[in-house]
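Each structure below is given as structure tokens.
Consider the two complexes below, in which chain A is the common component and chain B and chain C are the respective partners.
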Partner chain A sequence: METVTITMKNAPALYLEADNVSPDAFAGKKAAQIAELSVHEGNTTSTLGKYFDVSGDAGATAADTKVVVRGDVKKVKYLGFKMTAGELVIEGTADQYVGAWMKGGKILAKGDIGAFAATAMKGGELTVEGNAGNYLGAAYRGDWRGMSGGKILVKGNAGSDIGMYMLGGEIIVNGNADVHVMTHAEGGKTIIKGNAASKLGGQMVEGTIFVFGSIEVMMPGFKPNGEVELEVDGTKAKFAHFIGDMGERHKKKKGVVVYGNLYKKI
Partner chain B sequence: MSEYIIKNGHVFDPVQGIKGDKKDIAIKDGKIVDKVGSGAKVIDAKDKTVMAGAVEIHAHIAGPKVNLGRIYRPEDKLFSCTPTKGMERMGGGASIPTTFKTGYEYAKMGYTTAMEAAMPPLFARHVHEEIRDTPIIDEAAFPVFGNNWFVLEYLKNQEIENTAAYIAWLLRVTKGYAVKVVNPGGTEAWGWGLNCLSVNDPVPYFDITPAEIVSGLIDANEYLGLPHSMHIHPNNLGNPGCYETTLDTLKLAEGKKAKNKFGRESVMHLTHSQFHSYGGTNWGDFESKAKEVTDYVNKNKNITIDTGNVTLDETTTMTADGPFEHHLTGLNHLKWANVDVELETAAGVVPYIYSPNISVCAIQWAIGLEIPLMMKDPMRCYITTDHPNAGPFTRYPRVFKWLMSAKARETQINAFKHKDKVLSQTSIGTLDREISLYELAQMTRAGPAKCLGLGAMCGGLAPGMDADVAVYNFNPDKPVADPEDIEKAFSRCAAVFKSGVQVVSNGDIVSNGNKRTLWVNAKVKDNPQVMRDISEKFIKYYSMTQNNYEALGHHFVPNPYALEVDAT
Partner chain C sequence: MTKKITDVICPFCGTLCDDVEVVVSDDGKQLLEVYNACVIGTEKFLHSQAKDRVTRPRLRQDDGSWKEISYDDAVEYSAQMLAKAKKPMLFGWSSTNCEAQSVGNEIAELSRACCDNTAATCHGTTLIAVQDIGLPTCTLGEVKNRADRIIFWGCNPAHAHPRHMSRYSIFPRGFFTGKGQMSRKLIVVDPRVTDTAKMADVHLQVEQGRDYELLDALRVAFKGEWLPDVVAGIPAEKIREAADMMKSGRFGIIFFGMGVTQSLSKNHNIDEAIAVTKDLNEYTKFSIMPMRGHYNVTGSGEVFAWQFGFPFSVDLTRGFARYNPGDTSTIDLLVRGELDAMFTIGSDPGAHFPISAVKPIANMPSVCVDPHLTPTTGVSKLHVPVAFNGVEVGGNCYRMDNVPIDCRKVVEPPEGMLTDEQFLIKVRDRLKQLKGVA
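Up next is the complex of A and B:
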């Protein structure tokens, strides 16, 4: 695997849309060609090389390419946009849309990431060592197709509206999550190892939420359904089981109505 | 104005009966002429196809429900935005493009005239503001009449003359073009939580049937002698078995004759016939009844139809058939918007994905192609996608490919997940007809223009007609190696002229042309009763005053072109 390292040298005055920073866009290119890829600052299109030093040539394919992003990228959006293979390491804190529409490969964000990360993600892995913003693994504005595959691990806290319209895949938050979890979801799984705020599973059709800590306010649309012993991500424990959202439509599978599940560790 | 001569192209013009002969087309002062001077600018059309500008007879491209779709579907613009380029302003949207993108996309495909198929009269001002902001193409809008309280009350008492006077007034104040009917009576019934699924279901309160509304509106249309016929989206759209309602609706035109000075011969235009040609009793035994519907239309010369081809895309459905959209959101569970337009109509909007992996969608695709392949007279069957309902209008080149190439249809059939079901529920697999370029010109130019009463103005290349001309990178002398070449050629014109101004060159927009709004100014005898009824309804029921109703002046209709009708 070949490694391309891009290091911020001229920080943008406005937010920078760097939708070409991915193993896919870099694949098969020499450092000089990568520096010529387009980025957008406000309404101005310029080159990646204007903002970043580029060193190293990419591999022949995305799978053979590792991209390392160094320096202050707090104002850089769309890192890992639509990536399908390979690796992306972001050493600092990045802005919105990290790994948005990604289908494969691995992203490691060593700092925090902004909102809308992994929007409509279909596959691959996103690991965040810091905190994630709002709308992690959610659907794009207006769309009904959120994250449908892959795995997200947030070692810190996550913001609000994570897993909105989620269809599949898995989100694990080691810390706390803010309001609205898996709203409108029709599949997938979210594990919150810390505390959750309120409005978990609002209008949820299908899917599963686990909460290890406390839930500030329960949704009135979830109904107690007994207690169960489960092993969740390596932790064996007893969970209170709730089904819902009772106000939403639910499909029948083999004659049995399928609800959304909410498990709270006892 | 400049003079042009389009030299050595293969010309297809049904108006003059020209079937691909090499011919020069001369343009002067916005019109087609016999000859031009030696200083005329030469456009080399050698090995290219030359046709008149195409005429869109039914699309939803301007107005409140289109805009509602744009507002509540930001995801439609997600990866479909185009930046400013040369003459072109930025645009966006795949199934509900912005006004500017709408004008550019039509022009690039060689379309120069388009009809907005459903204008809520109350929001005529909004419709005209969007038409004004859609560059290049001439446009007109059809106000909806099939659920209008005035119409329901007058036709309940068989008052054709009063209905006609009301239509003439409404066309004038809304700058409208034709009488559009959507789910007659059913949309009004929707206000009561009901629907009219057959032509004999009574409309609540008004106690009139869809059959009486349709028959009365045809009579009023011919009393006035309007350029276009009554244009109908019948009851029971989109349901298995709906073809029987369609045939009942078509039979209402029996014995009725067109009376007008525009050369139109039909009295009823059945729109998006694909959605109205379904058999079966549920989605499991859903099947095509394209043969039954086209057999009837083939025999009855006073009826014209358009297709409503499903293009197998993700799109946005929108119609004044409010109850249907509610039904649809119950089927696909996607977001639903509904609007009531006081006294007049309603509308609903729901996104829809026509997936090639769903058997119903694949059968709908087949029915949309069976209809034009089964119609004997291409002058009475026009290509539409009921944009955006069955697919975006930008897919016309793909529909042309499927119609012109049996091989392209076969490729698509083989790609369906439920291929066997498509073949057993339709007869698409047995149809080997391939639409010729001449027939395509009939179905997209001369035919719709004649049906709209615009046959003397556009849709052909005879001297004296408007110089709307499209030149395609398509050599009819060469066998088509790959059907994809058809789609490619019809997607981007080599050159397009609109009223004698070159608007497209090598697929790029080079001018915003001189866009016009077409409308019909129908004069009737003074009718104090209808005028009194109108002012009374405004005082009693409307939430706005009559003074604020009219779409008047330069702001709304900066470049009007009125077709004059005298029914006094």
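Up next is the complex of A and C:
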């Protein structure tokens, strides 16, 4: 695997839309060609090389390419946009839309990431060592298809609206999550190892939420359904089981109504 | 001699009362009296006659003082600002007519700007929810003639839309509601005991920020499922009682305001309220309607949606329309430091935005087009006073139920003053020259 390193040298005055920073866009290109790829600051279009030093040539395909992003990218959006293979390592904190619409490959963000990360993600892995913003793995505005595959691991805390309209895949948050988890979800799984705020699983049709810590306020649409012994992400424990959202529509599978599940560790 | 003009439209709130009468002097230059309007609407008409009104554009000098300049100089400043900026914002549009809004959209496209209206701090969350799950709605005429279950959720029309209740929602005697107030049941959901709540048959005093839970509980109650003993500070029996009252009506309507759109859960509150409406249609006929604030904020959403495909928070910087509130919404853009020029028209962000979003306006090239002196003119570099919309110039506007109504001109503006549309056309034409597309 070939490695391309891009290092911020001239920080933008406003914010930078770097939707070409991905193994897919870099694949098959020499460092000089990569520096010619377009980036956008407001309504102006210029080259990646104006803002970043580019070193190393990319592999022949996305799968053979690893991209390392260095320097201050707090004001850079769309890193890893629509990537399908290969690797992306962001060494600092990045802004919105990290790994948005990603289909494959791996992203490792060593700092925090902004809102709308992994929007409508279909596959691959996103690991965040810091905190994630709002709308992690959610649907784009007005779309009813959120994250449908892949895996997200946030080692810090996550913001609000994670997994909105989720259809599949898995989100693990080691820290706490803010309000609205898996709203409108029709599948998928979210594990919150810290505490959750409120409005978990509102309007949820199907899917599963695990909470290891406390839940500030439960949704009234989640009905107690006994206790179960489960092994979740390597932890064996007893969980209180709730089904819901009872106010929402639910499908029948093989003649049985399927509800969303909420498990809270006891 | 004076003249009385009837059937005047009030350009204050989204109720757009169309039965106002005004008395003007014989030469049509002075507005003397206003009848039928509420106290806020009356003030809006009479304020145009203020003796200390600013009638020429003013540019702020280095020492902070204002210098009077010509409209042509103001056009030049605005066009140059928009031509140079990398990410300008054209904000406001809610207190101007659709004609001016449409010219504004041409300017936005020429300068590849972001454009947004006051829904960003108001019913924008409603528009997000509508895009997510749709909107079963109706017109205010249907409410007047048919509705026998009225729900005011997180809004206080007694103060914010003073004539709404007498014209449409509670008191009027309609075709199927001949007994007026006697034929209607009123449910108010509000954490405070407002003047609207005092008139309610049922007041659900919801805990602050728990509207989403209460709406969900209503949906559970419609289906007769299990409920916890207390939800959002309200006992389950009271929720079931309210649910039965809603189901038993012939025609119901949910009116909602800022109490739900801008409190915790925001768009999700509306999303769930629309789902409540949808559920109720399995038992009876039910509709839902946002209580829009500025008189033509609805029109601004219509014009944006018609021309760009999205109703607010549109980003044209890449040459095509994008929309994602949180990224492309004005307050977020200002607070995050994403903008480098601000053009405000028909709105007062200086009074309504958080201070962290107002400070950046003071530190960038900025224009405020407004007939009044406002906190926004106070922080802007250029203040362009214009004729009062709906008083000194007519134009199209949309009522809160999306009914288009033509406003009427009732009095002449002070000599030599431009209207919003006239000023914007000059800016557009100058911008075309600067961009080399004239």
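The working rule: the second predicted complex is superposed on the first by the 266 of 266 C-alpha atoms of A that agree within 3 Å, B and C clash if a C-alpha of one lies under 4 Å from a C-alpha of the other, contacts with A are read in each partner's own complex, and residues count from 1 in each chain.
Heads up, the rule we're going with is that a contact is a pair of C-beta atoms (placed from the backbone, for glycine too) under 8 Å apart; a residue touches a chain by one contact, two chains touch by 3 or more.
Small disclaimer: the values here were computed from a predicted structure and weren't measured.
Student: Contacts for A:140 in the overlay, against chain B (first) and chain C (second): which applies, first, second, both or neither?
Tutor: both
Student: Quick check on the superposed pair: does A:20 touch chain B, chain C, both, or neither? Answer first, second, both or neither.
Tutor: neither
Student: More residues of chain A are touched by which partner: chain B or chain C?
Tutor: C
Student: Applying the document's definition of touch, where does A:219 land relative to chain B and chain C: first, second, both, or neither?
Tutor: In the superposed model, A:219 contacts chain C only, not chain B.
Student: Kindly list the residues of chain A that each of chain B and chain C touches, one partner per complex.
Tutor: 140-142, 144
Student: So in the complex, which bits of chain A are touching chain C?
Tutor: 13-15, 17, 40-44, 96-97, 115-116, 134-135, 140-142, 144, 179-180, 183-184, 198-199, 202-203, 217-221, 223, 245-248
Student: Quick one: which bits of chain B touch chain A in the complex? Just the residue numbers, please.
Tutor: Touch list, chain B to chain A: 72-76, 78, 333-335.
Student: Which part of chain A faces chain B closely enough to touch in the complex?
Tutor: 139-144, 249
Student: So in the complex, the part of chain C that touches chain A is made up of which residues?
Tutor: 85-87, 111-113, 128, 131-132, 210, 212-213, 216-220, 222-223, 225-228, 231, 264-265, 268, 271-272, 275, 279, 316-319, 323-327, 336-340
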